[in-house]
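In the two complexes below, chain A is the common chain; its partner is chain B in one and chain C in the other.
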Partner chain A sequence: MRKLAFFIPFVLFIGLSVFLFSGLFSDPMERESSVLNKALPAFSLPDLQQPDNLWTADKLKGKPYLLNVWGTWCVTCNAELAYLTELREQGVMIVGLYYQQPSDAAFGEVFNLAALQQEVALKLEQQGDPYQWNILDKDRSLIFDLGVTGAPETFLIDAKGMIRYHHIGDINPQVWQQKLAAAYQSLEE
Partner chain B sequence: MIAEYGQLALTFAFCISLALAVVPLYGSFKGNQIALELGNPLAYALFFLTAFSFWALSYAFWANDFTVVYVASNSNSLLPWYYRLTAVWGGHEGSMLLWLLVLAGWTAAVALFSRSLPLQFQGRILGVMGLIAVGFYAFVLFMSNPFMLSLPYFPVDGRDLNPLLQDFGMIIHPPMLYMGYVGFAVSFAFAIAALMGGKFDSTWARWARPWTLAAWMFLTMGIMLGSWWAYAELGWGGWWFWDPVENASFMPWLVGTALIHSLAVTEKRGTFKSWTVLLAIGAFSLSLLGAFLVRSGVLVSVHSFAADPDRGLYLLAFLLLVVGGSLLLYAIRMNSVRSQARYELFSREVLLWGNNIFLLTATLVVLLGTLFPLVHKELGLGSISIGEPFFNQLFYYLVIPFSLLLGLGPWVRWKQQQVQPLLKPMSLIAIATLILALGTMAATQSIQANLALLGLLLGAWVGSSAIFELLQRLQQFGSIKQGLTKLNASHFGMTLAHIGFAVLVVGVAMTKTYSVETQVRMKAGDQVELAGYQFKLVEVYDLKGPNYNGEAAELDVSYQGDYVTHLHAEKRFYTVQRSVMTEAAVHARLSRDLYVALGESLSEDSWALSLYVKPFVRWIWLGGLLMSLGGLIALCDKRYRRRTASVEQKDTADA
Partner chain C sequence: MKAFFLSLLLFTATAQASQALIEFQNPEQQALFKELTQELRCPKCQNQNIADSNAVVAVDMRNKTLELVQQGQDKEQVLEYMKSRYGDFVHYQPPLNKFTLILWLLPALMAFGLVLVLLLRRKAERTAVAMESGDKAQPPQQLEKQLDQLIEQYRRKS
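Then we have the complex of A and B:
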């Protein structure tokens, strides 16, 4: 027994090394999404183009879809519009969650819905329109509840309204193939 | 051209390290006298080649040679010459070269000062140092070469040194830290050499003591300077952040402290043998682990160098080889060793054992706190972070019994101590403790039962115990005057280091409890009161430095109407790196610091300012300084030289 005790430091060290080794290959900045495998948080937000139409979490149930957080001010979001449009043409349902930046009253900024509607329509006309419709989150409440750190981010939501995947960053052919396609197809079936 | 010579010298140094790793070890196992004697010249050659290589890189910085990639990314022609020279260790590659220089320096020092050791033992020590050197030289040469050139297309000017590193504290903080980290390689080499020999007596402990003490002294100094640098440069009055990299330097320090005490037991009483060897391996292993954590990017930290998984992989492999190998050797060799000495429950042995237990528990706390987030994530349990509250709380619990033991320890005899004779001095110390603690409390704040009072009590207990013990020891020589000349230096060193610890505890407790701060918006002429001090903003004006622009604020401070001091705080914008730095204004006194950091300009004539009054914060660094000074004094002890001389005599007598 006493002889074996002298091996304890060695064994502990080897155990530690295993973790150090696996730590080398993961990004320490990476954070797991806290909303994964939970229901879409409750909300009631207007449609961007038809503000009288209010969207809720229940209304969106029934079919798996992508919820894409974006804004015309976000360069990366604009870059992914073309590929998202391609996905829409393949039959993927994509709902836009419009990320409105706060208006700074000190700089004389006032929120102007008509101007925004025009800007969004123009942008989608130029770059391609992947969205079935856009939900306007003017006060960023749903965006906050979803734990969004920036735009673009995309959530894969199943027919029952459960969040199945949270992707931070743009969606391009590679990301779609490697991360989202399989998950989306399994929800389709 | 000079840079190429530097590269050449480094390549030669790598070859020399290979020879150093093989030749003396071969000689020690085969009994080959010539091979053993080659150890010393090889060690010297290693040092001179590395020093030349280091000089070459420094020259490239001095001469603004931007064909060298490393110079171009860490310096700029506008950088003042003294920061150009310290920029040598401002990035990963150059700091690794500094690491090599320090390692070669320690190796040469071992060769120089251990000539009186048995040749076989000295050869093994140098061989182990050589093995460590091979790993590091290969790492620098093949994976982080500072002499990489960008010819033929080289930049006209450099990207400048990180402004955070343009500070006096930064000039000496890394070299001191590295002296400490790498210094533990010597204690490690002594332990491994002893393990290789297999014959285990306490002689190796005697030889290893001064080296360990020297490394510990440098590490203490390095950590203290780092803390001071953070305080002066980061602009929010903090002095310790439990950052993974700070923790990486704190762990070897804790184990090193335990090692110093354990070595004393092994040397004087011949016990704790396996324990001491383990600590010697542990101190250096944690230094290596620290290097891995900082340079591999597995943890998020303000100190991290650019992450590169290949480098991380190499360092991990090296770590496995060195630490895994030595722990295996330890497990195989140590289990035949048994301690013969006997001691009673109340004896210095047991108290020092307690010291070791507490220091190791502290190490474990820091290790867990640092690595648990990583382990937690790799187990797939998600990301978590462990912060200040965890460390602070556990350290409160640890420091209480530790300090109580520390006050008692030096009074207790080896082998066995009767309780009766200690009652009188201990109650005297207890009374002095109460008077000191309550007196300080009443003089500076008001008497309250809080953390500060606890810290003062513990500090006063340790401090007055150390002083009384010294006085009593001095009197044993007849008179205090006679004692001063006769008592050995290591006892003075110990007393001073213990007083340093007391000062540190008081500093931490008082600062933690009584620091006040406020963030205010001020115009010229405005006045703000904080903890009785009136801060008056006199003016703010534009500033132009060699490689930065900025603003400076002038403040007058008065206390209850009496003028105290003038403060000058700066906010600098470093043009090349495009980053903003605060140069805080500090008015330091033993009893408190006044600390002002200039923030953003809020409108044309008003600025955001952070004001701090931090009581006793100087005591933290004063404590660290006293501790390392204690180490230095202990190092001057004559017996370290005399003992080695007597060993030589004995050896020749044996022969």
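Then we have the complex of A and C:
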């Protein structure tokens, strides 16, 4: 009994060390999305380039696709455009959900659709265009319903409109191979 | 110098006044809004509440909280609305479930363990005292002799 008690501090120390050490490699941003395995929330949002065309959750059903939340203001999003374009060429369907940042009235900023359309067209021409089309979420309503915290974020959505996977951060060859490829291929079949 | 600091105080007062004012229908809604924005956590800038943060998502959450409060929703409804989108993570009070059970159990277990250790130690002390008082009846003469020898040794050395 005495000898056993002698080892208690040592065991506690080892336990604490393992706990803290594993903390060094954990990502505090990583947590399961609460919209996972639920249907895409209902919405009605305009197409970025053809604002008369309204997209709804129902219109997007029929084929698995990636819903990629991005914006031209977001540096990481710009960096992933090239690889996403490669994926599109391999036959992956990618829909853009454009994250519009709030205009700061104090600085005299006003939302200008024509200027945004031009900016997006130019950006996609330069970096590659992975998107079948872009949905403009000016007030971030669908973005809010999806629990998006920033850009880029990507949702994998199946043919029935159910959210199957959520990824925070950019998509690069490594992330695609390790996390998304298998999930996407299982939905394709 | 005093005047300088006072003028600084004045400056901060005007800087605060330039923020947009929110009007509430009644003081209860105002109190609820204040409580909620302090309890809801910004999912982007972790460890800040949404009252504290100016990240886009925090501003959006603040506006949504205001909208729901002004619609007359109570605290539970607003929290449920936020949790269904941003998860339990978004509320500073974690719910009791199988993943968080350890948060409640661990302090109780530690307190229990501490009491156990204290009781065992007291028991051990008592037996030790009992043994010591038993020894005192017969002073160990051999030990006394050894001590004398040691003292003698060190005296010679010095």
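Going forward, the second predicted complex is superposed on the first by the 160 of 189 C-alpha atoms of A that agree within 3 Å, B and C clash if a C-alpha of one lies under 4 Å from a C-alpha of the other, contacts with A are read in each partner's own complex, and residues count from 1 in each chain.
Note that in this section contacts are C-beta pairs under 8 Å (C-beta built on N, C-alpha and C of every residue); 3 or more make two chains touch, one makes a residue touch a chain.
Everything numeric in this text was worked out from a predicted model, so none of it was measured.
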After the superposition on A, what does A:162 contact: first (chain B), second (chain C), both or neither? neither
If we overlay the two complexes on their shared chain A, which of chain B and chain C does A:9 touch? Say first, second, both or neither. first
Between chain B (first) and chain C (second), which does A:140 come into contact with in this model arrangement: first, second, both, or neither? second
Is the number of chain A residues in contact higher for chain B or for chain C? B
Regarding the shared-chain residue A:25, is it in contact with chain B (first), chain C (second), both, or neither? first
State whether A:183 touches chain B only (first), chain C only (second), both chains, or neither. neither
Mind working out whether A:35 is in touch with chain B, chain C, both or neither, as first, second, both or neither? second
Tell me which partner A:74 touches in the superposition: chain B (first), chain C (second), both or neither. neither
Residue by residue on chain A, keep only those touching chain B in one complex and chain C in the other, then list them. 28-29, 31-32
Contact residues on chain A for chain C in the complex? 28-29, 31-35, 101-102, 140, 144-150
Please give the residue numbers of chain B that touch chain A in the complex, ascending. 274, 278, 281-282, 285, 292, 296-300, 309, 312-313, 316, 319-320, 323-324, 327-328, 330-332, 334-335, 371, 374-375, 377-378, 382-383
Chain B-facing residues of chain A, complex: 2-3, 5-7, 9-10, 13-14, 16-17, 19-26, 28-32
Enumerate the contact residues on chain C facing chain A in the complex. 43-44, 46, 55-57, 59-61, 64, 83-89
